[in-house]
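Several structures are given next for inspection.
Presented sequentially are two complexes of chain A, the first with chain B as partner and the second with chain C.
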Partner chain A sequence: MWFDVILGIGLIVAAVGVFRSDELFRSVVFFVTFGILLALTWLRLQAPDLALAEAAIGAGLTGVLLLDTLGVLKRPAAVKFNLAKHALATIVALGAAAGLAWSFWTLLQLPAPTYNLVETLAANIDDSGVSHGITAVLLNFRSYDTLLEVAVLLVAIVIGLSLRQSLRQSLRHDDAQSDGDETVTGATTSPEQQAPALLKSLVHLLVPLLLITAIFVLWAGSTRPGGAFQAGALIAAAGVLARLGNIDIASRVNLLLRTGLTIGVFIFLLVAVSPMLTGYAFLAYPPGWAGVLIILIELMLTISIGLILLSLFIHAPREKRNGGSS
Partner chain B sequence: MHYLQIVFISIGCLFFIIGTVGLLRFPDVLTRIHALTKADNLGLGFIVVGLIPSQSSAADVAKLLLCWLLILGASSVSAYLVANQHIRQTRKPE
Partner chain C sequence: MSLSFEAFNSDFWYACIGAVLFVVALYAFIVSQPLLKKLLAFNIMGSGVFLMMVGLAQYQHGPDSVPQALVLTGIVVAVAATALALVLLRKWVLSGGQA
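What follows is the complex of A and B.
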């Protein structure tokens, strides 16, 4: 009880800290803290699947992405106090709070739902091909949502890769104009490129462990908390670590990487559409095939999600950081 | 056994509190790292030892110990990296 109260207060404090910090770095630290507290909250609500995903993606990978962005920003733009903007933000925030309060109030007024989702799930889980409820919902009963989610991820990385192309071209244009600037930045970034030996040996130890854990989490998904998103996040974490230890992974956008990025959505769509040829509905697994197909989709999704999250980190546009890649 | 567990976990928590106080009170990066790693290594170690008797299987004990070892490795290497970067930055102007 008291732990939950402290957890709730901590969540609010961390959320306020994200927005009220003077330094961007402090905001990022608060953001990661918020993610970890949120993962703990999911655990307390007995949702370990969500807790795993939040800790790995929300706190871990997003934190890494934000820190990486901070490193690229030369000088964080100083935020000047602007009365009109503050007033507008206050009005918007108050309006959103009022809307939330109103919807919460109407929710309380509604009659209790007559159907019981947990019981419905328990009654139908034998048809789903897996024995873990969350996976059954994600990849069988509501697989349409999951398909859209991974499609959104794919769109994100496609946009990321194209932004990188255009930014790189504009940077090259800048390089041509100012030569003196480049030598200065080149001198400051060169020591970072040699990863310390200690870091390298830790990376050599951790990356295989992370990959083994990812496979375990993927496999566990059919019977226990786990699944493609968590396993993909672990793979991405292994890739980020390897990258920090200056091991070159997926730094070139070649055919292999592109195939890996898209294969999850591709196989998912293939499995979703092919039953229609024999008269079943879209996304309906043929009887008896559900378990195998779910494992297949999850395996492919893990590869794609891992590579997409990793590529978002590796292919983020960096300013004039030569070497290291390719 | 139960009381022994309480003693171990309390000692572990004490190390975390001391580490946090050190992190807040020590003047510079290097001494703060010292305080933090003490909390990670000893505090977590005591808590893991305190939790071992209430595990039902050897596999769970192994997982707990693995957690401790991994955090030991990660915290010592990251402490080294932070200290290394700090020294590099402070020595540069000379």
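What follows is the complex of A and C.
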């Protein structure tokens, strides 16, 4: 119990640290700390899947993205104190606090709800094709949510990629050496030798290890904590690490990248629609096929999610002098 | 007061922490001037909501896969939205905007 109290207070302290730091770098460091504490919190809430996802995504990947963005930002202008804004913020925050406090208070006095999702899930898990509850919910009972989620990811990367191209076009005007080829592979070969030797050998060791771990986490998902999202995050982390070691895999293959980005949604939709041809409902797995199809979808989703998260990092707009080498 | 204080366990505690995080982050979201800080505050607001979702769903029945799966979806969408926001932010700064 004491651990919970300290962890909860630690979360709030880390959050306040994010907001009170004057330097953005310090804010980002506090934010990564917050992510790690949150991963611990998910463990205390007996949600190991969420802990895995939070550690890989919330703390790791978001941290890298944020630190990378700091390099682009100029020094922020001096902060002006704005009384009206503070007054508005105080009123809104107090209102939200009052609303939340009231609903928590009422909730504590309510009797236990009559429905019990835990029991419902336990009673139906044998029909789902997998034995791990969260995977069953994500890819069988509530697979519509997951389908829409990967569609959201796809929309995000489509916007990200289109912003990259319009930037490249504007660069092409005054930068004749980027010769229309949007992958700009020629420039990436030279800095590959410039990476520090220690970083390079570490990356060579870590990337295969991360990929193997990703495959294990994906496979484990049907019986234990793990699954497509965590595995996808690991693949993205491996790609980011390789990029930091100046091994640029992802921006060399353009057509393959686009195929990889869409294959998750495509296969998911295909599996969702094809039972309708034989008279089943949308997203209903044919009897006996659920387990195999779930693994297939998860594999494709892992590829897509990993590539999408990685591409959002690699293809983020950069300054012109870095623009040639990215 | 017929308050069932025995219902107050660690799940409910973390839901309360989530509520506090939400309120603090909401305040910071409005007050902060750098756009990056607004983005961080928005992320922490989301984390607060996730904690409330899981904590409040679990404090009576124990570990529950349904809200956990929904929050897992939420975490992945949140990171995609953050990455997209960062792309927009960088584009804005590179084209001369004030972050």
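Following the convention adopted for this analysis, the second predicted complex is superposed on the first by the 285 of 326 C-alpha atoms of A that agree within 3 Å, B and C clash if a C-alpha of one lies under 4 Å from a C-alpha of the other, contacts with A are read in each partner's own complex, and residues count from 1 in each chain.
Keep in mind that, in the parts below, contacts are C-beta pairs under 8 Å (C-beta built on N, C-alpha and C of every residue); 3 or more make two chains touch, one makes a residue touch a chain.
All values reported here derive from a predicted model rather than from experimental measurement.
**Q** Once the two structures are overlaid on chain A, check if chain B and chain C clash or fit side by side.
**A** fit
**Q** Under the stated touch criterion, which partner chain does A:L163 make contact with: chain B (first), chain C (second), both, or neither?
**A** second
**Q** What angle, in steps of 10 degrees, lies at chain A between chain B and chain C when each chain is taken as its C-alpha centre?
**A** About 90 degrees between chain B and chain C, seen from chain A.
**Q** Using the touch definition from the top, say if A:S27 reaches chain B (first), chain C (second), both or neither.
**A** Only chain C is touched by A:S27; chain B is not.
**Q** On the A-aligned overlay, A:P196 touches which partner chain: chain B = first, chain C = second, or both, or neither?
**A** first
**Q** Contacts for A:L205 in the overlay, against chain B (first) and chain C (second): which applies, first, second, both or neither?
**A** first
**Q** Touching A:F19 in the superposition: chain B (first), chain C (second), both, neither?
**A** The second partner, chain C, only.
**Q** If you stack the two complexes on chain A, which partner ends up touching A:A123: first (chain B), second (chain C), both, or neither?
**A** neither
**Q** On the A-aligned overlay, A:L256 touches which partner chain: chain B = first, chain C = second, or both, or neither?
**A** Neither partner.
**Q** Which chain, chain B or chain C, is in touch with more residues of chain A?
**A** The partner making contact with more of chain A's residues is C.
**Q** Least CA distance chain B-chain C after superposition, rounded to whole Å?
**A** Across the overlay, chain B reaches chain C at a minimum of 24 Å between C-alpha atoms.
**Q** Shared contact residues on chain A, chain B side and chain C side combined as an intersection?
**A** none
**Q** Which of the residues in chain C end up touching chain A in this complex?
**A** 2-5, 7-8, 10-17, 19-28, 30-34, 36-37, 40-41, 43-44, 47, 50-51, 54-58, 60-66, 68-73, 75-77, 79-84, 86-91, 93-94, 98-99
**Q** Hey, which residues of chain A end up touching chain B in the complex?
**A** Within the complex, chain A touches chain B at residues 191, 196, 198-199, 202, 205-206, 209.
**Q** Given the complex with chain A, which residues does chain B contribute to the contact?
**A** 70, 73-74, 77, 80-81, 84, 88
**Q** In their complex, what parts of chain A are in touch with chain C?
**A** The contact residues of chain A facing chain C are 1, 4-5, 8, 11-12, 15-16, 18-19, 24, 27-28, 31, 34, 38, 41-42, 44-47, 49-50, 53-54, 57-58, 61-62, 65-66, 69-70, 72-74, 76-77, 79-80, 85-86, 88-90, 92-93, 96-97, 100-101, 104, 107-109, 112-113, 116-118, 121, 133-134, 136-138, 141-142, 145-146, 149, 152-153, 156-157, 159-160, 163, 167, 229, 232-233, 305, 308-309, 312-313, 315-319.
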